[in-house]
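For reference, the structure discussed in these notes is given below.
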Amino acid sequence: MTAAVRYPVPELKDLPEDIRAKVLEVQEKAGFVPNVFLAFARRPAEWRAFFAYHDALMAPETVGRESGLTKGDREMIVTATSAANNCLYCVVAHGAILRIYEKKPLVADQVAVNWRKADITPRQHAMLEFAMKVCLHSDEIAEEDFAPLHAQGFDDEDIWDIAAITAFFGLSNRMASFAGMQPNPEFYLMGRVPRQK
Amino acid sequence: MTAAVRYPVPELKDLPEDIRAKVLEVQEKAGFVPNVFLAFARRPAEWRAFFAYHDALMAPETVGRESGLTKGDREMIVTATSAANNCLYCVVAHGAILRIYEKKPLVADQVAVNWRKADITPRQHAMLEFAMKVCLHSDEIAEEDFAPLHAQGFDDEDIWDIAAITAFFGLSNRMASFAGMQPNPEFYLMGRVPRQK
Amino acid sequence: MTAAVRYPVPELKDLPEDIRAKVLEVQEKAGFVPNVFLAFARRPAEWRAFFAYHDALMAPETVGRESGLTKGDREMIVTATSAANNCLYCVVAHGAILRIYEKKPLVADQVAVNWRKADITPRQHAMLEFAMKVCLHSDEIAEEDFAPLHAQGFDDEDIWDIAAITAFFGLSNRMASFAGMQPNPEFYLMGRVPRQK
Amino acid sequence: MTAAVRYPVPELKDLPEDIRAKVLEVQEKAGFVPNVFLAFARRPAEWRAFFAYHDALMAPETVGRESGLTKGDREMIVTATSAANNCLYCVVAHGAILRIYEKKPLVADQVAVNWRKADITPRQHAMLEFAMKVCLHSDEIAEEDFAPLHAQGFDDEDIWDIAAITAFFGLSNRMASFAGMQPNPEFYLMGRVPRQK
Amino acid sequence: MTAAVRYPVPELKDLPEDIRAKVLEVQEKAGFVPNVFLAFARRPAEWRAFFAYHDALMAPETVGRESGLTKGDREMIVTATSAANNCLYCVVAHGAILRIYEKKPLVADQVAVNWRKADITPRQHAMLEFAMKVCLHSDEIAEEDFAPLHAQGFDDEDIWDIAAITAFFGLSNRMASFAGMQPNPEFYLMGRVPRQK
Amino acid sequence: MTAAVRYPVPELKDLPEDIRAKVLEVQEKAGFVPNVFLAFARRPAEWRAFFAYHDALMAPETVGRESGLTKGDREMIVTATSAANNCLYCVVAHGAILRIYEKKPLVADQVAVNWRKADITPRQHAMLEFAMKVCLHSDEIAEEDFAPLHAQGFDDEDIWDIAAITAFFGLSNRMASFAGMQPNPEFYLMGRVPRQK
């Protein structure tokens, strides 16, 4: 079995109180602790900044902000970005969440392999096209790249969201790949099988 | 729902007898007809050549040949190649078969996202490294590329297999992407959930 | 002298009857046996599939199909594809055939070095532009790529031909480069000197 | 004059108290407010996470951590990363700080144009080589990439620092380029002229 | 201190008379001898051809030709080209001259890091876009690339100037990088500080 | 028929005396005027610098210099460089001269399509490997790139020759491609057919 990460992982009991509380909360909700929560915990200050940034972008309601992007949109950007960066942890973990939010068991694999052929809306297609330019050619972004997004109903704040999510997960992808972070096995199957009553 | 393919798909009843027989055989075995079988059937001569080539490489026993590659090795090469070419159909369809042959529910996603981080053997790692060079830089293949494979126990015929599978699915990937071929929904879940008795 | 290919080449007398017959037929017609015919013959099943596929695309009349591409068009696609893949065997061998079919002694070198500057028709220019996208970025092919071809009089079946020829020779290029296949010396000069009576 | 950033910039008086305090502190210290402090302030939660992350990596002593990287090392990584991403704001702003920390008026331009030709130590050369791999090919990082750094005296925590700084400024670069953030004119000259008494 | 160049540098007294005269003239004018003048002088015939070519393009008035490009335009092309080729010597040396001719202390760093974000005119933007295509994809230049330049008032001779300057400094960049040529320290600061009376 | 070049070509009678003399000399020797001689002649100062540079590198004996490269070596570098830059004029024209100097009718096509598979010596292989790095990644050239050339008997001056020829023809390639310069038909066949007595 491949280790969860190349670097030492602290034990739950050794974590600062605020971090342990968050980890336990996630565990409660998800049924397991996603490896990223422990892989980064060796360095509490980075951990806190990482998850504060994550939440500000991925759960804007927690900071009192509304966004024109749905939860599914956001996870779709993360999945496409992580695929472009070939980040195993993030494609598998966020692909799982994407399936759940979009209620589409097939969409994550489609977006990860070739978003151009995915069964998504034209609005999401424009969103991913812009995200990919931020991901791969940010120096070439120009005013004319905003027009197709405006045409799909995104305003400038939504576009900032698209760019910021792409940029933030570019950071996350590099750290996860560098550190050899492995996705928890649970993620691979989440959202693939429709829930039965 | 996205169509299975951009081009017209013939009806089963209109197919030449040999092709219809093969399609029915696959349907019997898999429980459904993989889209590639119908997407190519509009052109019977290409269909026959494509599947004859496929079988010669992927089922060498059907042509009386033994191979040093296992069935899982072969599907692993297909999955890595198809991911390098961003081919949705082939990653999803052959990833499914890879999971089944390797009896590893997680391996296909790992190989598709970043084969370097996949839970595979050093022998398979060397195999994929060579396959990726054939896929992406075949003009640079030189004698020194054979040594790491020999060191892992592959002989020259096995190496031909690796190259030929990579090259053949490069063809398949380009046709599937060009024609907008969609994987059957069944593939996405195959091999992910351990069979219960 | 560089060997014809890195792998062992069977003797004509050891070939299966159908393959030997085809090899002799080609020799009769061309005056020599192109190396590809022997380089692949070690593996009869692959040989048969390869040439069946080749003929289905390059000689569609042999399978009772008409194509909107001329023989010259087809060889032009092969030459451009093989140049993009830096495949020595295929550029030299198919460049020779291109010169003959197009009756233009200069066109093969032009297409191989920079097809954009070749002395070809606007229709052929559009054809090669599409072929190069299939060759290099097949995952990005979209519906809008078909329009310039329709505008030049190609229908969807012709476009399938362009894509399939490109994809098939991508396979051929990878095998020839991987195996170090050398073009027969005869090819280099064929079609360069106008026939005298 | 090019605007400081494409997006609206809040006035100092409208900022949350903690952000305003930090901005004033920076202004006091630097003599001007670097544009990034105001360009991100429209979104306080992102602002706080961004600068908390920044400080955890670039001023580890503020979070009670020691690092094997000097301040100059860190700014050198930022400058090289930002140059690889063609980020105008970060190359100019962090190049200025690099000149000051390293007390080398020429080093920033050298690192930005071609770090391989810069007048830096072999240890810094190894550091930048790893940083560039994290920046451009993070999916290919493998265990063997750690050895040259260990050989130069970096331990695994230092290597985490190199990777994290590279990854964080990859985020910063993408946001600054996307948002058209312009460096303050003051940065261009800082550290170029030796201070006179 | 890094050496000025990897190859031996002749002494002034050993140079042929015409070369020594030119070197002394440059020294008189600039206050120092730019390293390129000595680094190339080991080979007088190449030296003479290099500077004759340089002057024909960069100082057309010396050969009795007028150009639609200003001196600043020309140095801007050199700076952008040299940045695209990551040539330390040329970015630093010609960036200095660019600052002086354009009377803009910030413009050279902007053009070197990301010309798309530089504070330049739309005419200069079109000029650099064409120069970058000549620099990076000259084989793809087509008639339609001339139209945006004509629209900005450049005629065909001006466009030849843009291409020729780009091509010539591509040569210069390769030689300077190959030979490890270092810019004189004086260049780094030139044109950054407004002259006082 | 494609025009020789996109720009106006002066008539022989309108050329400056020295240029006309050289053109007539070449015509006398070759039996035709290579298009480059007229395509550049519109600008005499550039013409003179271009051919002075050319001769200093390609005919060093004319400037009293000896070189460790044979005439065939030099044309081989030009052919490989021009192929890497997809320059139709230079591949065809210099490939012709390469065939003649090396007395190998096949070598030019081999070097142009894939120099790694060409029938050349190990010394020439090392020479082209270095030339390709100068051509494509000059910023990455480092001291360790010189060792394989020293091992093949090249000294530092020979290596300067390799780099300079590569750099000079990078200039030539960009100008020829930009200006749409077409090779004279005569070049295509030169050196392909052994001379008969």
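Miscellaneous remarks
Going by the order they are written in, the chains are A, B, C, D, E and F; count residues from 1 in each one.
To be clear about the criterion, a contact is a pair of C-beta atoms (placed from the backbone, for glycine too) under 8 Å apart; a residue touches a chain by one contact, two chains touch by 3 or more.
Predicted model only: the values in this text are computed from it and were never measured.
Listed by label, the chains touching chain B and chain D alike are A, F. The rotation relating chain C to chain D, fitted on Cα atoms, amounts to 180°, rounded to the nearest 5. Where chain B touches chain C, over half of the residue numbers in use are shared by the two copies, so each contributes mostly the same positions. If each chain is reduced to the centroid of its CA atoms, chain C and chain F end up 29 Å from each other.
Between the CA-based centres of chain A and chain C the separation comes to 45 Å, rounded to the whole angstrom. Within chain B, the positions touching two or more other chains are listed as 86-87, 114, 117, 139, 177.
Here the touching chains pair up as A-B, A-C, A-D, A-E, B-C, B-D, B-F, C-E, C-F, D-E, D-F, E-F. Considering their complex, residues 114, 116-117 of chain A touch chain C. On the chain D side of its complex with chain A, the touching residues are 6-7, 43-46, 48-50, 52-53, 55-57, 63, 65, 85-87, 134-135, 138-139, 141, 143, 156, 160, 163-164, 166-168, 170-175, 177-179. Interface residues of chain D facing chain E in the complex, by the touch rule stated above, are 1-2, 83, 86-88, 91-92, 105-106, 109-110, 112-114, 117-119, 177, 180, 182, 185, 188-189, 192-193.
Across the complex, chain E is touched by residues 139-140, 142 of chain A.
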